[in-house]
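For clarity, chains are labelled A, B and C in written order, and residue numbers in each chain start from 1.
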């Protein structure tokens, strides 16, 4: 009788090692220490977004892969994090214009973004987690769109240490920071690749440690068999909520970093398409596979840049690649055909030899 | 008051378009149990085909609609055969991502063929408007045609699923695919048929939508697609009257919300109502309750 | 099949209200008492007028033809379904308004007829999930690896292995749960249920799919579990050798109603039970 032995935790070490090595290689390449390998300008510009999308993908994998809830509104949490993070950072700058608080502003922005997104996660989680399956998915989509719509109507301005807020009314005193449909404007850029790397590490620590702990096991137990989990006394709503909120908080932090990487950020950036894009990373990387999410997020963020030579065809190629990969990995028919072809080729080769 | 009536008419007209799209979504979901995110883009293709047929090939509007329906029907069958059929036994998430890939594919193909510049769509119904209350209330012929088309489609489809052999096969497959297959129903043909009907309807919806809102771009279909899906869920997915009611309500809420609350928040209002409905009745207005066996 | 497994005969005494208890349990409060319990599914009385008392350390059997409502009774006791009528008392506490989680915390654990393991997880993790409420530490301690995490994990590990050793399964701890053979999966479900420290263990067809040898082993193990943990066990089973061999009190259900209660020998001779299982004997046939 064949029994599958379980993988141990050394896989997590490989994941950490992979991230650290990739970071060091990038740093070397940036400083020009590797001969013959120069990072292109556009690739350099992608470093922070890559970190952001890794965090997005890993955190969404916590919801979709580990907790088993299909969420189509992850970008909503990202946008809340971006706007609240920017607001905090700009407020600190406006309140203490003389002192150099760059690090405090950056860390504070990430924390603010995380907290605001977590609160939204709780508020949204209460209704959403009463639903299941596709209904849950459509409601997360709805919430994502609602957040984007609301952010389009929000105006914030700063006057020294005081913050002015209005809904739908653009007339505010002081310097406008968040300007309705125009989004956040005049943002002082603070994000760096190093900060992105540290956020990725933080995310990995949170998610991987959570998975390998009592609460993580409870979350996965609910995913695998809700009724059995209840029968051994696991509070289903509590742990579904836990996963959802942690995932939202991490997305908020990613959003804050993303927001501080540009001088202007619009809510339209965090459309439904962004949620879908992150979901694609998660699915292509493997549901529940954290390392896969990291690789997929990196490759698929860089890929469109790589395909730049193809001009207008690049998104078309991207779409075709996506479909083909999904078919190749999920269709039993196509798989057996491919295996058969491989076998035939092998036979043919051996036939030639004989 | 008359202002309100005029908004209501617009709402019903937009809602009728949503209902037609929702119907396709709903049927496909009911039978293939998949969120077909490419459905919205089939609408866009339908509108573009009709646009090209009238503008470049000099066809009459009515013929252009027939051509659009034919192209989209074939497109629907093709998409199903190429992308979804190989994934019958795959996880629903894999199918969802494939559908998203298909949606991007259609959008980018349209981008290559028709370009990124918005096209101004000429209405296919050019019959003028009905003017009531001394010109205070105008009902456009587009609105009337849309509502009429919606009614006709609903009636025909109800008859079709209720009376014909193919329609009954569809209901059987959506109820229990395995059992239907054992009863000798050709499941693949039935699913193809569903995609064909849904996509054909999408073409009609696309033409009607662009007749009322004449801006046509490769991304034109995506938001109405999502809203129509929302409408389908709202009314109870898999149900024909559900799609009708869901679509109409959604259209009315959207137009009234934009008129009386805020143009910015019209969409937010639509989604908020969806969330409330699902919380009160988790399977939509006319959806059936499903029990889990322990 | 020859019956190698023999249990000591148990003397039964009348219970405070309806039913009987083993003599040794007579003075302690019954672990379970149901009064007039019933549930309707759209007008159909799936279970009605269900009155049962189970002694503190009793092994009881719930038998009856297919569709009699046995699993429905389990679902009622574990609050998967809320009863339409009647009362369930667990250790003297009314479970009205409770959910499955609360019922489990009150002391009811169960296994499932169609095995419901966490198939993608290891055998040990399945048991650890059962220990969730027994050996705990906070989520933050888990994420930030505080000392309580390491302490809790070590305790869970030791306790899980100890529980698995009941069925000699400690060597399988690292295997994936759904790669186990059928019999082992059923045993793992029992271990997982035991991990929640119940006072009443509900076993839904524990011997289904087992060969006679395995069944016999299971009978010994059920008795051993009762003796070791001093808990009550209520089991649904179609294997009459098992039921008659280890159950001290047996309750027979047919069409949602109890048609007989008593000891093994009483049930075997009860004409209503025989009729329910074999059908009515027609006139002229003998």
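For this structure, a couple of remarks:
In the analysis below, a contact is a pair of C-beta atoms (placed from the backbone, for glycine too) under 8 Å apart; a residue touches a chain by one contact, two chains touch by 3 or more.
None of these values were measured; they are calculated from a predicted model.
Relative to the centroid of all protein Cα atoms, the closest per-chain Cα centroid is that of A. Set against the Cα centre of chain C, the chain with the most distant centre is B.
If each chain is reduced to the centroid of its CA atoms, chain B and chain C end up 51 Å from each other.
Distance between chain centres (mean CA atoms), chain A to chain B: 31 Å.
Chain geometry summary: the mean Cα position of chain A and that of chain C are 45 Å apart. Shown for chain A are the residues that touch two or more other chains, namely 227.
Residue positions 294 of chain B are each in touch with at least two other chains. Residue positions 80, 112 of chain C each touch two or more of the other chains. Across the complex, chain B meets chain A through its residues 29, 35, 37, 83, 86-87, 89-94, 96-98, 100-102, 104-105, 107-109, 111-112, 226, 229-230, 233, 237, 262, 264-265, 267-268, 271-272, 274-275, 278-279, 282-283, 292, 294. For chain A in complex with chain B, the residues that touch the partner chain are 64, 70, 127, 130-131, 134-135, 137-139, 141-143, 145-146, 149-150, 152-153, 168, 180-181, 227, 272, 276, 279-280, 283-284, 287, 312-313, 315-316, 318-320, 322-323, 326-327, 329-334.
Within the complex formed with chain C, the chain A residues making contact are 1-6, 205-206, 209-210, 212-218, 220-221, 224-225, 227-236, 242.
Those residues of chain C lying in contact with chain A across their complex are 78, 80, 99-101, 104-105, 109-110, 112, 116-122, 125, 128-130, 132-133, 136-137, 139, 141-145, 149, 152-153, 156, 172, 174-176, 179-181, 192-193, 195-196.
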